[in-house]
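Look for subunit A in each of the two complexes below; its partner is subunit B in the first and subunit C in the second.
For the complex of A and B:
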């Protein structure tokens, strides 16, 4: 399964729209697109996960790496429009308590 | 293997025979010759060279342009020959790596092997099936002299060799914990500090740790972001999710782990697994947890080891079933009240 990542910037805010499945094979692609953005001092990064139907632990690892990098570079990352199945993964792993996850915008199943 | 000699005369004979007779048999011989050269790692330019020599001997008056073009071809093939040499050496390296991984996988099995403890009144079954050669799932039992047991089940992010290496780190950290440290939330806190210091930014481990007290038949447990297990109450005839709060290991050194306890009555069962079980796919569809529990329940009357084996076989037999992740399942059944 392929992963497509669109970059839709809105002024200062950098938006990544992720489409497809994030797994052990596609996670490096997400990492390559996401982590450099969080390394820009003070950057605001939004990751739109509306079209992500599956994510495995390797995908979570990419977000953990990105989160650590936001702390180092004083940038911000927000995850929006998560599917319930993906959200469950963030909840079980306790990552929802340390990441900025938008609960208002939610992608349907 | 017998040494192979590039015999110009033999090649010339073959070529001549073909040029004069167009005999299929000569083509067959050329095919055989080519296989032999490959077996002996003869480079392509050497074959061209022998062809040029033979051709010149058969036709001493080749037009100079043809002669030049053949030299041109020879030059062209030299780069190709280098690539071919690289291919051969990579193929050798690959074979070497494969055998090293096979050794590592069997070493992993020995290093990480754990013995199912024998505790009166408790029936334990466990199965762990790697999706690839090396297992990123891990489970571990310890028993003290009072028949109390510690149960760890963990899943390392990613697969293959790096996951297996991280697993060894967990195993040795667990082994080196002082015997007095039994409190699951403390155990996880201690492991978290080890993992946090020793893994790269995007690596983490999920882990469930339980401590079963023999005297009181109580299981104390905590979870570091691990897939929640289930507690089956025989009295209520229903499953309860064993959800507790706790961040995965290796992300923040300040993480705390909520600890919960459950008292086991006769025929109560604890079911622990990794996400390889809940993330099972059948064709395009994921198995729902309810379906997984239903299958487990249907096998729960069996001895625990037979039950876990049969549950795995059940999923394996499903049409279009694919094991995308390592699959680990542990069942603990309380037998006498």
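For the complex of A and C:
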């Protein structure tokens, strides 16, 4: 029921690896880690959701906030490796059409 | 009269208890024979209802409680989530829900407001009462015809 966030930067690219459940309790933690990265002018941010086992609209809200911030600061955000269950939320809400979501299937896992 | 089992829980209206209730519904729904996918839907729906309730109670006072009732019927699960916090403007909330459409710009996107929309998308029936606090009543049906009669035997085999 908890959330752990790791920073795994690769050169200029800021990578956030999110592990656990994103809900009303943990979403503020994700927001705190993610939004400041998108406020760096021209930054490239990758959010790795492979280990996110649960997410609801509170998580969607964080990504919407971060997306707005990328427009403001000319930065980029890409969501990668999300589970089908999590992707379904983006599809139901129509957010998949405006978010940069990596649709490649991870091999071997 | 239709017989059913009833389970009631009361938790403090604090965000940290939403995950606890999620675990509970997972157990109840699994006990009833819902599929993995359906259980995931139920977890999201109940969390959305509770997120709304915790946010409300927070605004009013932070020592509120949320009452959750589970009605376990032969063909369906009924879930009630009630907070005694202040009521909100239901029409306003309803006007805000719905999927994102491409015609809006990113700047117009709202960070909240998907909660009720998701509940309606994931459950079979949803009713919201807004008289004394907010009560969300939602139903999900068991699709028994898809369940094989041997499922019981299989599930009890170690």
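General observations
Simple rule for what comes next: the second predicted complex is superposed on the first by the 104 of 109 C-alpha atoms of A that agree within 3 Å, B and C clash if a C-alpha of one lies under 4 Å from a C-alpha of the other, contacts with A are read in each partner's own complex, and residues count from 1 in each chain.
Simple rule for what comes next: contacts are C-beta pairs under 8 Å (C-beta built on N, C-alpha and C of every residue); 3 or more make two chains touch, one makes a residue touch a chain.
In this text, all values refer to a predicted model and were calculated from it rather than measured experimentally.
Once the two complexes are laid over each other on the shared chain, residue contacts for A:69 go to subunit B alone; subunit C is not touched. Of the two partner chains placed by superposition, subunit B and subunit C are both touched by A:61. In the superposition on chain A, A:97 contacts both subunit B and subunit C. More residues of subunit A lie in contact with C than with the other chain of the pair subunit B and subunit C. In the superposition on chain A, contact of A:24 is made with both subunit B and subunit C. Within subunit A, the residues touched by subunit B in the first complex and by subunit C in the second are 23-24, 56-58, 60-62, 64-65, 68, 85, 92-95, 97-98. Residues of subunit B that touch subunit A in their complex: 155, 157-159, 200-204, 206, 224-228, 245-248, 251-252, 255, 275, 279, 286, 324-325. Interface residues of subunit A, counted against subunit B in their complex, comprise 23-24, 31, 56-58, 60-62, 64-65, 68-69, 85, 92-95, 97-98. Chain contact summary for the complex, subunit A toward subunit C: residues 1, 21, 23-25, 54, 56-58, 60-62, 64-65, 67-68, 71, 85, 89, 92-95, 97-98. Touching subunit A in their complex are the following residues of subunit C: 15-16, 18-20, 22-23, 40, 43-44, 47-48, 50-51, 54-55, 99-102, 106-107, 109-112, 114-115, 117-118, 121.
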